[in-house]
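In the two complexes below, subunit A is the common chain; its partner is subunit B in one and subunit C in the other.
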Partner chain A sequence: MTQSLTIRRILDALPITVFVLLFLYLSLNSANFLSFPTLELILKQAVPTVLVSLGLATVIVAGGDDVVSGGIDLSIPATAIICAAIVADQVTNHQSPLIWGLVLAFGAAGIIGAVNAGLVVWVRMTPLLATLATSVAIVGVTKVITESRRIGVTDPTIVFIRDGSIAGIAAGVVLTTIVALAYWHLVHRTKWGMNLQATGGSRDAAEISGIPTNRFVVQSFLLAAFAGWIACSFVLARGSGSSPGSEENLLLEMVLATFLGAAFSPRRVVTVWGAVLGAVLVSALSVGFISIGVNVFWTGCIKGVLILLVVASAAAGREQ
Partner chain B sequence: MKYTKKLAAALAMSVSFASMAAADGHATLEGKTVGVAVVGTQHFWDREAFNGAVSTVEELGGTVVPVDGGRDNQVHADNHDILLNQGVDAVISILGDGAVEPKFEALKAAGIPVFTVDHQSPHAVNNTTSDNYYMGTTIGRYMADAIGGEGKVAVFNAFEGALRICGIRAGLWKYVLEDYPGIEIIQPELAEEFANAPEDARQKALDLLTQYPEGTLDAIHVGCWDQPAIGIVQALEEAGRTDVLVTALDGGPDTLEIMAEDGSPFVANVAQQPNLIGSTAAQNVAAHFAGETLLPQTFVDVFPVNGQAEAKAAYEALGYGTLD
Partner chain C sequence: MAVALLQMHDIIKSFPGVLALNKAALSVQPGEIHGLVGENGAGKSTIIKVLAGVYKADGGTVTIDGEALQDVTPRSVHEAGIRFIHQELHLVQHFTVTESVFMGQELSGIGGLSRRDMKAKAESFFKDALGTELSGDLLIRDLGIAERKLVQIARALIDGAAKLVVFDEPTAPLSSGETEKLFAAITNLKARGIAMIYVSHYLAEITDICDRVTVLRNGKTVSVFEEVLPDSTDAMITAMVGREIEALFPDVSHCASADLLQVQNLHHQAFSNVSFDVQAGEIVGIAGLIGSGREEVVDVLYGLKKASEGAVKFNGKSQAFNAPKDAVAAGMVLVPRDRRHDGLVLDMSVSDNVNLASLDDISTGLIERRKMGLAKAGAVAEQLDIRPRDPSAKARNLSGGNQQKVVLGRWLTRGAKLFILDEPTVGVDVGAKVEIYALVEKLAADGAGVLVSSSDPGELVGLCDRILVMLRGEIITEISTDGLGVDHLVALTTGGQAA
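Up next is the complex of A and B:
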């Protein structure tokens, strides 16, 4: 009994210990790793991942964190990319105002959220397969819109998100913090959020308590698509336009960030703040490895092993 | 044999020219930290240009901060922010689309000179690249000759508007074809994916072959590089089509190998020297710090490859080994 408690304590402390040691190593080997500009850079580069992870966290909270049968939405990055393509196409190729592009993109995101919800709630497809299929379809439509070509954007609002600052902090970081606070408040601090968590915790128990679980699952997919829509302006700012092929990396980082975040939560569950923290840590790893000049051919491997170590220890801790 | 000798002589000249700056003694990167940003390392060309730049910076005594965009142009652009934050002395940036321009501007504003490879930019000190003009016109002539000066041609041309080098290559290919009124370029042009080019081009070529049955299509050309051509050749084999020829640009070992096969539909290419291009960019950084004034562009020789025999000769001359 005591031995199993000790193992559990070690496993509990492992994710944080690994990251603390890693960041100590990075700061000792890179003069400016622990500096304000580096911190701001890490946050800036985490922005698109943070935003799409907010959507994924919401869907997982509502559907449960079993990767196969629980809540998951793999189409959020594709939603962000198609919305970015729609806005770029409108603004650059059709000389429409930015707001019109955003309105059209909002409509597209709404349709995607509704289709995902319909497939999961009424057709009863597993969310993993349903959203993977919609993601593939969305990427296909994006290619039709962009003809697989880059569309540059120089709209002043997008340039402001890229280069501007609010109270001395990068505009993208400030705006993303506001969005993250809104999602956190909604999911973790409102009655609606409590019902959402109850739906994900145990669907049967929630239904017995009179919670309309299907409605909450539908709303979670709509909120996920909304996160994709918000992310599109930041994706456009990051690339100064729409570049084809950005959804794959964003998808990988979103899934990693969201589940990595769960490894740091006391109950090992996906939370909005966990997802934000996970996205920032993934970004910090990238910046840190470059700062100490790690061979580019090894970066992906080292990053993958570290994340695996953290997530595996969290899973083992939960088993214990 | 004649082609092999010509190729070997030209190669020797271009390599010795590129190493002149190092040999004269004053070109050094001692005490300098140089960021080398590459858009990806999966494709031979990108990896070789990156390796050439990194090894030459190190040979010249400099320290390298390497970054890889994983073939995502947005990640590649973001990586320049990390180099700016690191306070490197110079940046060599390999490829990338318009997403990198604001990053170059910020580096320049911070007093960090930018040296590009295959990416012309008003914010860069110098761009090292192949002779893209010669590439575009030569592949135009070779392709026109291969199909007898007339016929229908499909083109994969995703980057003509996004990358200046591709604009030059595809634009001059079209310019040559203006003199061949019997050649028709099928519209709309095809657009290949950047990250997964061979498989994507294979799918699109299969669709194209269904749309254009036997005898209605004469060639498929890839406007700026050669990775899609790998998938196109696969599609032709799968469809059992022998009536369509393939031409492309870059001439990496993988596509020269395909060209060297008996009865290969891949008939013309123009080979570049990516390692030398990356190395020359690093030499230019050293020359800049030595106070030399660089021209806006440095051109590195290319080698036209017309047919199976020349593919085998080029493969050997470029140091990729031998093909029987």
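Up next is the complex of A and C:
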């Protein structure tokens, strides 16, 4: 009993320990890593990852944190990218107002959320496979819309999100903070959120308590797609337009950030604030690696290994 | 007598091929603790599920507070003030006590959840209604089983609308110390005027806390004890069993020879200090209720779970099987209790299932010789009378009895020394039971040792040479089946009689 507790504690602490060691290494090897401009850059770069991670955290809270059988939505980054493509196509190629592009993108995100929810709740596919399939389909449609080409956007609202500031803080960071606070309040501070957590914590317990669990799972996928839709404006701002293919890196960072966040939660479960913190740390790693001149491909490889570590430690912890 | 709080009258419920309730009746008075007892399959769970609205009865009436309930649904029953404490805890491990108590009935204000209110209410409920102190901030995963049970009770009763609480085997996972904690809470609830139905196999508990008791047998109410005294258990057992063991068992005497299995001071989380032996050529039974440790003893012997201490000697050698493959290699085989999940690959053929453990015998190098496999399975089907006789039939399409013969057949082809049979005839019809019993007798007659773990006392008395009786994780006695009555064995397993 004591031995298994010790093993659990070691497994719990492993991801954080590795991250702390990496940060120490980066701080010692990059003179500017802990400077204010670098920290601001880290937060600005973290914005799209934070937003898609909010969606993933919501789905995991509703479905449970078992990567295979629990809740997961791999299609959120693809949703963000297709929404960005729709907006860019409307604004730049069709000279439509930004709001019209956003309305169309909102409709697309709603359809994606509904399809994911339908596949999981009614067709009873595992979320991993269902959202992997929709993600692949969305990427295909995005390529059709953009003809696999970059579409630049110079709309003043998007430029403001990229370059503007509110009370001296980057506009993107402020807006993202507001969205994150809204998600946090909804998931962790309301009756709806408690029922969502119960649904993911134990489906049987929730059902016996009279909670309509399917409804909550459906709503979590809709909220995830909504997070993808919000992220699209910030994706457009960061890249000054739509760039098909950028969903891969976003997917990697989203999964890493969200599961890493669980390691910071006192109860060792995925939470909204944990996902936000995780996203900022992942962004810090990316910026740090660039600042010491690590090849970008190696950065991807290191992130992949970290995902393995975080997910494996969560699985092993559950087994214990 | 006052108007009954609950009256279930002439309840009929049938499932395909089974009449589970045959005009059963149950009546509960306000403020009483009413025991509901019966053997496995007597209809206890069914009548409770009819009351819960999970099953719709085919006939009969349910009256609450003198008013007939027209439509018995989970919602209507809840609104009438009936609450259920299920055997399974159904709690979220990472939730706090407060969050668990208010799951699905959270209190919230304008700014969101009223966490402070909920915590205060939960803690005062534990103190006032259940007579115990429990912090609302503790996580469920850090609580003992008894505390978790109290959380489950609090969740059912926190709204203050409960008139009748149904406890389904509440003490099955509890140790005796923990049981006392639960009883204290139940006594507190009774003092507050809440009536309870207490379903349990443990007759000693029934006589300890119940005011009246209803006995079910074969779907009928056979007896209602208006007064429950410490020595009422004998009468209850007679009412529960109430039958002669049919002539299911071949009358064969066994010649036990050399020691085959010796178990000494085996310990595990679910049992302690377990020692026994099995000789070649004899049939030994393990009796005990769910939670008695009986299942875990089997799992540990077969390498499915690890013992914390103790020694096992099998066929003259000290053994500690780390995995079933080690046990099989040494000549110990298991027919598992969950035949459909653990015993068979349902979508594979009878032949594939029979040959699963002896693929080397029907293979040349890397090539499996299917014709040889089919011939071998065909011979087993012939020997055990597996129907249909077609070895290429899918295991899923066979009846329970024939599926069990396939599992047994798998091990016959390996020539094992010790057969562990865990619930060998669950879900098997009477005809197939007779055949399986005959086969087990033959195994022993041919010199194999057999260890039968079963929840059916009649089966153990009829089939075994001697029986190890387990209660709450310990072997309380070992008895010979010579002249042993089923009622005596039931009394021992339910704690209704000291060993």
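Definition applied: the second predicted complex is superposed on the first by the 265 of 320 C-alpha atoms of A that agree within 3 Å, B and C clash if a C-alpha of one lies under 4 Å from a C-alpha of the other, contacts with A are read in each partner's own complex, and residues count from 1 in each chain.
In this text, contacts are C-beta pairs under 8 Å (C-beta built on N, C-alpha and C of every residue); 3 or more make two chains touch, one makes a residue touch a chain.
Not measured: the values here are computed from a predicted model.
In this overlay on subunit A, subunit B fits alongside subunit C without clashing. In the superposed model, A:244 makes contact with subunit B only, not with subunit C.
With both structures placed on the common chain, the touch criterion links A:293 to subunit B but leaves subunit C unconnected.
Counting the residues of subunit A touched by each of subunit B and subunit C gives the higher count for B.
In the superposed model, A:205 makes contact with subunit C only, not with subunit B.
Look at A:93: by the touch rule set out above, it reaches neither subunit B nor subunit C.
Contact with neither subunit B nor subunit C is seen for A:6 once the two complexes are overlaid on the shared chain. Between the C-alpha centres of subunit B and subunit C, as seen from that of subunit A in the superposed arrangement, lies an angle of 130 degrees, given as a multiple of 10. Of the two partner chains placed by superposition, only subunit B is touched by A:44; subunit C is not. Once the two complexes are overlaid on the shared chain, A:190 sits against subunit C while remaining clear of subunit B. The minimum CA-CA separation between subunit B and subunit C in the overlaid arrangement is 32 Å, rounded to the whole angstrom.
Those residues of subunit C that touch subunit A in the complex are listed here as 78, 86, 88, 90-95, 99, 102-106, 108, 111-113, 139, 155.
The residues of subunit A lying in touch with subunit C in their complex are 185, 189-191, 193-195, 197-198, 201-202, 204-206, 208-211, 267-269. By the touch criterion given at the top, residues 38, 41, 50, 63-68, 70-75, 77-79, 81-83, 85-87, 97-99, 101-102, 158-159, 161-162, 188, 191-196 of subunit B touch subunit A in their complex. Contact residues on subunit A toward subunit B in their complex (touch as defined above): 32, 37-38, 41, 44-45, 143, 147-150, 152, 162-163, 235, 238-241, 243-246, 248-249, 286-287, 290-291, 293, 295-297, 299-300.
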